[in-house]
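Next come two complexes, and both contain subunit A; in the first it sits with subunit B, in the second with subunit C.
And now, the complex of A and B:
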């Protein structure tokens, strides 16, 4: 009897966990293993492997006796690393977190229908196809007087045309990605604000709290966990994101982040792609950096407590 | 139980549907790989026509065999992505019999064991190939042997707007003498730059000249003009010279400095580049002969009026880098490659039929490409509608091709980074040349010869 029950439990476990495990293995673990293997080969356009070597990593670092580690990063890779850091930090802090928070606070303070309308507008870039979104950006910042931004600058303010592609390329990708990223923060934070029991607001008002102290003492403390979640999740997502960078900037040197570098070396059309092993090596380094950043942020934001079992259940 | 039987029958039905109609024993199926490309639908269409022609031959012999073309039409963006897709298909044994490809991929196709050597086929069928413009054969050679048949050709050159030069005070004699002066090596790249700057500074044009805004073969003619010989055919290796690269980058930097070339050229979209020349903002542009159609439309010139066109536009080769040097231009043929499959003999014959003057002219005139056979230029259709292409044929004698090397795409991508760096002022010419050579060395390794 016991035996049968245990067997049944095992079958149930297989039915319930099986699909998730297969998903994990096939779509998440297997690609990392494939990437790891390919990074140590010489696979290029002909998709053939003739030898295993660390040749790809020699393209990324070069030996230098004078440095502490005995090697240094090559120029283009070092650049990509620095650009990735700038892209992630600025997009995350300015837009995904700060702007998302601002949107959530302001739209929940408005009457429902108005707040809802604003939130819907902010979701538009997320809902529109990425190519359409990118095309709109390209038109807005076109360096000639045909660009929307330049039309405004020339006709409304009387300035000369500006060329953001040359003068502020990183700002373009930060803002373009930020406008999309802010909406996710806005949604999560809005629902967190909505889940605060209304009586707390009433009590605060009865005690004479103004809007700013309500935000500071009631809303912000409840947003701690959602904010940590957004920080960890979005910094990892931004690190590997290249879609909008590629669509808006193309393979420009000025916005060649790590993810873009890996993409241009492997799959991007018409720009010397097809170097699968080289791209895999770059991606492998990106994965390692991602793991380190995730662990660090996990620690810094104390995510462990968020994921831990609550000590008391409050109903 | 019913659910399971339903799933099973659905699966049977699905697999049944994907299997194609039963093959008749007499059908000889030739698989043709071609990009769905609106700018050249007859590249594949001419092979299908050739199969029809071939079937007429077969029918005449009383044979009940029939050639059927199975068209594998791909949706890749550009020939590079298409070639990479083909190599992936080939690596899993899914090899077509005939491929329409950009010629510079031949090296990669040979290395992957995909392309069949066509030397004996070409030599054995002189009546099919005897009239092909000899320079075009260079585009299909890899390590001295021919692995493809040119499908079309084109010339890339510098277009100059005569009206703007006149407005800047240049005489008609000067304008008319330009092509000859360039070919004689008297008018150099620096002179071109000065001319563009002069026209712009006189107010006759808004921009001096424009070039393509992304990685591509056009830059090769400018590099060649500065003495960079990209390819060592004997060793099948790419080449670079530091001094040549530095002079080439210095020329670009000087052009920007003089005001002949916009510093943000590499951030333009293709639309803006076309609009600059066709909208009569830029005095010059370097690109390909197939622009002719769009130019005629933009300038409002009757497509049959060659005189009006050449009154407005002058074509020159890429001038030499230094006085007395050789001018250059670039041709970038699309080619038919026959794969090394059991059907290769038959496939090669179909390619031979598709390369004859009549089918090829249908493609060339329709898509503004120069012919592959000398005799095509004399055909009435070419004479009336293709006058611009006929005018382009003499330029082909200065034509260079992209090297048929696996890694030319990578080479172009890296040297283009240097173009971006010098034009935007991020680096000086010397620094950019040093940096590009290092990148080339790191990425290409043994496939690169550094000459100095």
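And now, the complex of A and C:
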């Protein structure tokens, strides 16, 4: 009897957890292992491995006794790292968090139908195919007089045309990704604001709080967790994101983040691709940085308070 | 002078009429209860007074001045919500201090005031706790303290006891009464529990479907209900209501005709008779017992008579009567209330001459 029951439990566990485990293995663990192996080979265009070595990492890191760590990053990789940092930090702080928060606050303060309409508009870029969205941006920032931005600058403000591709390439990818990231932040934060009991707002108003005090004392403390979630999750997502960068900027050096570097060196249909082992090495470093960043952010955002202390019943 | 006044106040939510042309006057320092079933517009009335909702029509006046457009913060109203609505991310002390933030109170004054109020509602030991670490009764006290700390002109309590267990409810009932008397603050208690209303308030506002049915003392609501609804809502077990018709000088109810006198008008009536005013005896209205419900101290019997089903209470702990036993029901004919079935209004000046 006992035996049978235990057997059934095991079968149930397999049924419920099996698909998720297989998913995890095939889509996550296996690629990482493949990446790890390939990173230490010389696999290139021919997809043949002739030797195992740390040759790829020597393209990234150069030993240098004079520096503090005993090595230094090679130029192209160093630039990619810096660009990734700029891209992630600015997109995340300005758009995903700040802009998302502003959108959530304003659209929840508006009457339902109006707020809903605004949110729907902000979700459009998210819902349209990425190619369409990228083409739209390319048209907006087109450096000739045809570009929407330049038309506005010339016709409305009387300025000359500007070429953002050359002058502010990083700004382009930050804003383009930001518009999409902001809508995710907006959705998560909106639902968090919506989940605050109505009576708390009533109580705050009766206690004398104005709109700003309500935001500061009632809403923001509640958004702590959603905000940490957005920060952790979106910084990881942005770190490996290259879709819109590639679609808008192509393999331009000015916006060559790490994810873009790994992509152009391996799979991009452009010159310089096919260096699989090199790409794998970059990806491996990206994975390690990702893990470190995730752990750091987890610590910083401090999950302790999420686990509420036990209730004490005293009458 | 009247301290608080509602003049013809309504609140509509689309097609729903939550409060319907309400007129009400409260004296300074008075403790009134709004009593009514769930969904009758009690909370909405409170929120209108607090300024959280704006009335669809009508005027709300404090001290004779119209305050329809005055923001909640400028009304100086303390409110305790049914859910208590304590700020979850603040300690008890911070919760108490919150209303004073917006009042230009100095830090020392605010803390002194918090200590004072904490002592009044007996939560001195809880000041550093967070709301999630408090029991229901403690949360209730904190909510009350937070409502009182700014010395409100009007205290609004929205079903403050409904989330407490039975013994705690008893304690808090007398606590709230004590605190109200000590501070002499005009207080409105909202409740769907008649015992709460009758034990705590000086006057009771009985509400139904957004309208006031009767404003009176507990005793008058019980003895002289103006309307069928009040009669049926106040009193436990509920009043017996029997449909009938006045035909000249006779009440026709079921298969029975009973003599009536006074200014009788031929019309459809509902007669009301409280179960606790019926007893059994040698003579009276013949009936047979159809149901027996022991209630501990008393027994609630249901008996089928010729005028209809009547419930009555006997104060014996053991059933004295058996099912299907034939009995005679006795009652003072003067205790029988007459209501106009159509309008629901009580008919005064009509008397039953004999109950048999």
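The rule is short, and it goes like this: the second predicted complex is superposed on the first by the 303 of 315 C-alpha atoms of A that agree within 3 Å, B and C clash if a C-alpha of one lies under 4 Å from a C-alpha of the other, contacts with A are read in each partner's own complex, and residues count from 1 in each chain.
Note that a residue touches a chain if its C-beta (ideal position, glycine included) is under 8 Å from a C-beta of that chain, and two chains touch if they have at least 3 such contacts.
Predicted model, so just to flag it, every value in this text is computed and none were measured.
Q: What is the contact status of A:222 with respect to subunit B (first) and subunit C (second): first, second, both, or neither?
A: A:222: touches subunit C, not subunit B.
Q: Figure out whether A:202 sits in contact with subunit B (first) or subunit C (second), or with both, or with neither.
A: Second partner only.
Q: Between subunit B and subunit C, pick out the one touching the greater number of residues of subunit A.
A: Higher number of touched subunit A residues: B.
Q: Could you look at A:90 and tell me whether it touches subunit B, subunit C, both or neither (first, second, both, neither)?
A: Touch status of A:90: no partner.
Q: Quick one: is A:133 in contact with subunit B, with subunit C, with both, or with neither? Answer first, second, both or neither.
A: In the superposition, A:133 contacts neither subunit B nor subunit C.
Q: Applying the document's definition of touch, where does A:246 land relative to subunit B and subunit C: first, second, both, or neither?
A: In the superposed model, A:246 contacts neither subunit B nor subunit C.
Q: For A:210 in the superposed arrangement: first (subunit B), second (subunit C), both or neither?
A: After superposition on chain A, A:210 lies in contact with subunit C alone.
Q: Which parts of subunit A are in contact with subunit B and also with subunit C?
A: none
Q: For the complex, which residues does subunit B have touching subunit A?
A: Checking each residue of subunit B against subunit A gives 76-78, 80-81, 83-84, 87-88, 91, 108, 111-112, 214-216, 263-264, 266-269, 272, 406-407, 409-414, 417, 420-421, 424, 426, 435, 438-439, 442-443, 445.
Q: Which residues of subunit A touch subunit C once you look at their complex with the stated criterion?
A: Touching subunit C: residues 197, 199-200, 202-210, 213, 217-218, 221-222, 308-315 of subunit A.
Q: Going by the contact rule set out above, which residues of subunit A touch subunit B in the complex?
A: On the subunit A side, the touching residues are 44-48, 55, 58-59, 74-76, 138, 142-144, 146, 163, 165-166, 250-254, 264, 269-275, 278.
Q: Please name which positions on subunit C make contact with subunit A in the complex.
A: 47, 50-52, 71-73, 77-79, 81-83, 85, 87-90, 98-99, 101-103, 130, 132-135, 137-138, 146, 150, 168
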